[in-house]
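The structures come next, written out as structure tokens.
Across the two complexes that follow, chain A remains constant while its partner is chain B and subsequently chain C.
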Partner chain A sequence: MMLKRDKKEEEDGGNPFNNLEKSSVLQEARIFNETPINPRRCGHILTKILYLINQGETIGATEATEAFFAMTKLFQSKDTTLRRLVYLGIKEMSKIANDVIIVTSSLMKDMTGKEDQFRGPSIRALCSITDHMMLQSIERYMKQAIVDKVSAVSSAALVSSLHLSHVSQEVTKRWVNEAQEAVNSDNMMVQYHALGLLYHIRKKDKLAVNKLVSKFSKHSLRSPYAYCLLIRIASKLIEEEDAGSESPMFDFIENCLRHKNEMVIYEAAHAIVNMKNTTAKDLAPAVSVLQLFCGSPKPTLRFAAVRTLNKVAMKHPAAVTACNLDLESLITDVNRSIATLAITTLLKTGNESSVDRLMKQISSFMSEISDEFKIVVVHAIRSLCAKFPRKHNVLMTFLSSMLRDEGGFDYKRAIVDCIITVIEENPEAKEAGLAHLCEFIEDCEHTVLATRILHLLGREGPRTPSPSKYIRFIYNRVILENAAVRAAAVSAIAKFGAHCDELLPSCVVLLERCQLDTDDEVRDRATFYVSILKQQQKSLNSAYILNGLQVSVVGLERAVHNYTLEPSETPFDLKSVPLATQTMTEQKTVTSRDTGDMGMTKTVDKPVASRVDVYAEQLSAVPELANLGPLFRSSQPVELTESETEYVVQCIKHTFSHYLVFQFDCTNTLNDQLLENVSVHMDGSDGFEVMKYINCSNLPYDKPGTTYTLVRLPEEPTSVTGTFTCTLKFIVKDCDPNTGEPDDEGYEDEYVLEDVEVNVADHVQKVIKANFGASWEEVGPENELEDTYALSSMSTLEEAVKNIIQYLGMQPCERSDKVPEGKSSHTLYLAGVFRGGHDALVRAKLALTDDSGVTMQLTVRSTDPNVSEVLATAIA
Partner chain B sequence: MGLFDMLARWLGVKKKEANVLVVGLDNSGKTTILNQLKPDDTKAHDIVPTVGFNVEKFATKSLSFTAFDMSGQGRYRNLWEHYYRECHGVIFVVDSSDKLRMVVAKDELDQLLQHPDVKNRRIPILFFANKMDMREAVSSVKCSSLMELELIRDKPWHICASNAMTGEGLHEGVEWLTDQIKDLVDKKK
Partner chain C sequence: MDGGILEPSLYCIKALAILDNDGNRLMAKYYDETFPTAKEQKVFEKNLFNKTHRANAEIIMFEGLTCVYKSNVDLFFYVIGSTQENELILASVLNALYDAVSQILRKNVEKRALLENLDAVFLAVDEICDGGIVLEADSTAIVHKVAIRNDDIPLGEQTVAQQLSRKLEVFQSAKEQLKWSLLK
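And now, the complex of A and B:
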């Protein structure tokens, strides 16, 4: 009967499991309880359950437990297929059902039994249900299984040990000898898995890993998989040590290029081309191997080779140029993915003259390739634009025609990203690019992209020669789109109004119309902007329209929430909210989601808790540190020890308005010691006063612990920098390395750490001002300070810019951190907020002189005179 | 196939099958008893505390048994109930040398008897007063009074003293259980 039904379903051409219903399948699972067992039917139902779980169906704990216990009864069947399905079922259900421990003994019996078919899978199932406590009791059997002569059993045990090491690193470490023995196995998989386990056990100990690699690279392994793993380990070591081709590991990898197995050869070539410190000579053999692969009859090899070359082409275009001929022949490959990668590689390595020809070739089969490869093409075009700015015309037209084609969200986003970078990097392409984007939003189904483009138009549009032509595109959105896009359009129009005086009256008219919108958010924004624009004050425009809110969204949410919990007479102070941290890399994502008004943005992706928010939460959990006020800034961690020493200590500086908190993350790397009452004693410079040490009560081996030191800042507002000597003080208790059992008696000891520096950057938070000029006027010249310095130690403008940014810890605006090539002078704009919430802006005019390095004219404006003084003297 | 099966059963060639549940406190000898009952070639050499349960098979002359050997450790006892419904008989093993925990055993027995899956069925219960060879062991009669077995009126039960190490007393008990289950099956027909 069932057979017939199956057949019918197959004839329908569909998946027989397509329309399964969870509840009815679980109902069917009750027949597991019947005796005698019908293996065929039970197997079928078990398959259904596995299918459902793998499709992501969630099964509640009670239902799962019921089905699980029914399944345990299938252990009485001797049917191999059914039993192996049961093992799979146990593995899948081990995380959702309760009391899964019930099958422990049954599985242990199977793993030591006679039937080899049961032994491997039962080991895997057993390890998935085993917790920390049970691990001891199966240890003996696992050790036996690892060295079992049946390869399936040995492999299963090795892989399971890897999984178990997440449960308890300590126990699996004791299986080293068995794994060592298994590496010598003749079976390819066993050897591979054993090597994997050995590496995993030792991976924290760099010396041991070094030994491991040098040992196995000499005595030849049989398994190509093991070879590949060894190559990966070796290349990771090279990367960590920052070594180049002189390392013995490199010789090993290079030797692998002559291995007889293609997989190993590819892995070695891949490893070499991805290394950091390689010369053209080191690369040559690897590239020539890849070149050979390009002509292979196997499509997989061709694909792997061309994909790797494609990635390398950015870093070492010269090395890849040697393969150009082979790549040319791959353009016509029947496999479109290979062809695309070949063309994009050529685009990256080719010269300006070949661009037109290649673009034509791509457009001939653009419609035949999948979105994923179209994105590869887009990335190639992006790098082309950076390389040949003069070609922007051809490339822009190509991009815009791609934009008009069908395509998924990721594809469109890649194109929009690409156009935006081109606009930002190449001022000549700006007008054309903005025009293409305007055209695109006329027919754009992705709200996220539309809002992003509108934001960009709002920022860039007003500064073009004829801003008025963009207004029409933007206002069309107000008429035609959904609420989120309308709101973004309103913000964009307001920016035009704020920036261009001649457009102000018409912008106000448009915004007044938006006040009749059906959506609250759109109306609110329109009302808000109209009333500000009508004031006609530059400073208001700058603060509320052109430059957005600078606080962290998560922090704002928490602060407002706290305020509503404890209402007080004093109004809510925006300065108490931690600022959004914007590092250089994050800048792009931040600008894309910050649509520039009171933080009520609806189009925000999920706001991520920034580092400061995470630290603020951690610090407020410590009762002694809870009442210091809002956390202003947290520095990047600084290492106070060498990484290989007995105790590893990192320091993070947290700045509050009147205090500094030094957070020391300590790790004890001695397994025969337990540290108690750990604290870091600091001896400070003048004015800094150590208030309190908050000890870490105990610090066992390899478990990080944290201790804090609280320091009050000097009263004198201009003394902000200092150096502290640090000593780690603690009570040592010797303990047994295996059990961790400590002695009762301890003795005091100390350990000298490196000094901690507090500099100006620790008191400044980076803030991005989208419109620096407006902010400069807004702050005004009251507290302006100006001075000229000769920076004789710097030889280039780039170096000077980098050092100034690092020293002041402020955010470069208007892309002024990038020095155009071949210029001898440059102006750097920096924006930030000083501790206490004072806005600070810096303008540094740099000029390169032949004899005395770089000359700098530094102008500082701030809302507080002391801040100006601190910043102006910081460089000297 | 079906026809052949029936014919075989009718001729009494194929044995009937029965599920039994083996329960009792930890260290009372459940796994050892089953190990003794198994055919010689499948016997295990060392017995370790059971975690969860094990399925064992053994046969008497006329029945083949599938035994669910449950773990007796405190934290697993609440899992016995998952296997009550399908069993045709229960073997309850008592350590007759452990007078101190006899009350605990009685407690577990009462819970078993009160369980909805057991309460209204006439399933036979076989008691092994195990470890009879120990010096401090009590007799089976004393054991049954300590366990207040005489209060079980709605189910057939039987107690025998046993020594799982030598196999003494086991076969007498299993014979009784075989007869009871066959009776039950015959009555149902």
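And now, the complex of A and C:
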């Protein structure tokens, strides 16, 4: 028999399992039913079945059930290996076969039997087939097993309890005493598993977790795994409490840095590095153990150390400089991951002079490392560009050579992102960057990237000294690419035509050719742009080509849908559509913070419903507020109480074209009170008239409720600001804190809240104008107002810029919110839409004066004279 | 991805795998939903193998995961965890896996021997990691728990040997009992 098998193995490359057929193996499994059982043969067949399942072969429910039932026959054999294989079979089949609970009694027999070898694995097998109903019946045995003196049994029971807690948290909670006892076990693994279970049961109870940590941090644990777990629990507590290094938990973690096991030392160092409120001094001991690890002969340890140091370098580059020498020796490490991390860390901590050398070193093995690490390198380069703007030349060349190399989508996108940020932040790098991107789209297989770059070219290209050179690259796309890219290229060409008069005739010619395109979208775009460009009117160019629609996509969809539902004579009004809010910039800050992690950052690229859309939906669900027209803007929530008071109230201001709705989110923090008929009474400024209170009918303990107050805006268009005093009015009913049962009788009471202010910013929606100059011309000087102010309270331009943006609530354009260093004057461009759909633009020329702070010349343009007046006086 | 600290939990292994020198799966266990289908798993294994089979570097960040690995002759052993996981924990599990397999195969760590003892390897993996939780990381303890019969002895003799060993066990347990009763 052995000989025959050998021969067969030679034929199929030495793998006897290679040509197994599912049906024939299952056929063979019928032998399980024979008596007496041949353990060796059955074991072999069972191994084959396990191999097939492991290879990802799908076995149907009927087949599986049949095999499963045959398998149960094998319980008759006493052979240890066979029995253990049966347990494995049960675990694998438990997900696919029917009626698996049939083996419960057999497994319970093994679990409580004499053979220790069977007990642990049988518990684990049993738990894989246990459901909520059966859990009760095995509870007693599980409790016993947890405290069993055989470590394998105890571990198996603890681990299974943790798995079972996903089935029923309630039942496993009752095993807490047993788990407590098991933590004191002499066996390392039992201790670890018991600690894990204990924490899982108690993790909702902060106090209990606190006790847990302080108890076990003193009484020394035996298992390094348990130590690691305890460090993680402790650092989570520190994070939740927002504590710093003064916390006793921190002392425990720091002590772990002197543990004898490297695993524990590293876990502690990792935990300290990842804490939020750490100073360079807190980090020092962690950094020095990591520095030691850098010299370890074990690659994994070196890797872990460098990776963590890399993380430190992001926040505290100075703390890592001490390790520079050790890192230098790692840049030639055979493990390229380690070398890459060492170099990127050095790039963060090093000075300008070392950049060239490091870049040379890294380019020598760029082709050998995985995409993940290439992305790390790209991120490092991005931060370098921000740090040493003068080095953009070297870095840009490096990026462009990376663009040319092979690589996946994520990697290419990271490079393109990086180049785009560099272009935006450093005007000197713009031309070189655009040239690299042009070259890249010549041979780019990713539609998303190509369209993105074309969009960027359309935006930035026309404003470079020689815009004509980009046209060729763009028009090549029209000839060679798929429809999405062609459409983007058409839009880009139109932008050149709209911005540069001398290119207009040629652009029109090119666009006219595109009108013959095979794709509808491309033709439509070309026709649209040609007819607009032929008008040769600056305002049209600006409104329809250079600065596109500013509406929120979700909002537009809903508005158009509603319009089609109720046919009417009046044409669709685009001004009624909510505007797109500034999600784009917010997303950007998030991703740039993420750059440190090498893992995949999965960003969701679909249009998400903005806050305004969500609120609009909520408000329209309240019948009294349904007919106010489209919601224009919703403010950020403002706290009207301290966070620890009896009642916590937050206010959100919703602006409609003639009304304001104040939304008060209230929470009752007293567990012996039920509030009814809750409303917020507002008293205040001239002209504002309170129309209606919409009560919150009852407000039980700890369940947030919402009440609204509707206010009509003053008739006078220029009076838009005011202050309101607010009082929370309600009926109190005392109730039993345990049952929540309220008394019948209640009494009226009130509670004074902080004042609510209505500012200019509440009437303005931020809008990005990609081409501010064009919009400025589009609105025209008709309603222009200009005034000069001395802002004596501001001492720097940055401060002035920040405050102006805050007062007006408008969107800074053309990156004018960033004041270049060392300048004494700056121009801020702001764009927005005022309530009622009036475009508003602001140009603020700021100059730093020696004695009186900042002087500002404010110019406001708007489509409505009143709006200009409101904005011009807002600062004063 | 947030701060980089994992939720404290016992679940720390995402997958274990043993591949041959063509990157084909001999054994693989996935403990969470990172790769839900067998197809995705195998694609991942192939890519991972392509990245790791030349450079003997022990650790790699791959597709947003940390993978530690080890190879011998025509076998590749992998342990895979989250990027925030303590790399040394993963490495300790890898060592346990490798050493246990090596002991089961009597230091003869190669594909053919592995396939001949596949049942024991399945059992060993089951003892190392249960549903993503490290069950045991000491290779001697694992091999002891697997307690596999001696495969090299042909069928006829083996039963005798088994009988013998069983007798021995009975004898030993009797001895133990005697000892305990005396101690009492």
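To be clear about the criterion, the second predicted complex is superposed on the first by the 561 of 876 C-alpha atoms of A that agree within 3 Å, B and C clash if a C-alpha of one lies under 4 Å from a C-alpha of the other, contacts with A are read in each partner's own complex, and residues count from 1 in each chain.
Here is the rule we go by: contacts are C-beta pairs under 8 Å (C-beta built on N, C-alpha and C of every residue); 3 or more make two chains touch, one makes a residue touch a chain.
Just so it is clear, the structure is predicted and the values come from calculations on it, not from any experiment.
Judged by the touch definition given at the top, the superposed model places A:K206 against neither chain B nor chain C.
In the superposition on chain A, A:R222 makes contact with neither chain B nor chain C. Of the two partner chains placed by superposition, A:R712 touches none, neither chain B nor chain C. Of the two partner chains placed around the shared chain by superposition, chain B is the only one that A:T104 touches, whereas chain C remains out of contact. In the overlay built on the shared chain, the residue A:T300 is in contact with chain C alone; chain B does not reach it.
Shared-chain residue A:F69: touches chain B; no touch with chain C. Set against each other, chain B and chain C differ in how many residues of chain A they touch, and the higher count belongs to C. Every residue of chain A that touches chain C in the complex is listed here, in rising order: 2, 9, 14-17, 40, 43-44, 46-47, 50-51, 54-56, 58, 80-81, 84-85, 87-88, 91, 117, 120-121, 124, 152, 155-156, 159-160, 162-163, 189, 192-193, 196-197, 199-200, 203, 225, 228-229, 232-233, 235-236, 239, 262-263, 266-267, 270-271, 274, 276, 298-301, 303-304, 307, 311, 334-338, 368, 370, 372-373, 594, 597-601. The touching residues of chain C, when paired with chain A in their complex, are 1, 3-10, 20, 25, 27-29, 37-39, 41-42, 51, 55, 57-65, 68, 83, 86-92, 111-112, 115-116, 118-120, 122-123, 126-127, 130-131, 133-137, 145-149, 154-155. Listed in rising order, the residues of chain A touching chain B in the complex are 33-36, 69, 72-73, 75-76, 99, 101-106, 108-109, 134, 137. Across the interface of their complex, chain A is touched by residues 17, 19, 48, 50-55, 57, 66, 69, 71, 76, 79, 82-83, 85-86 of chain B.
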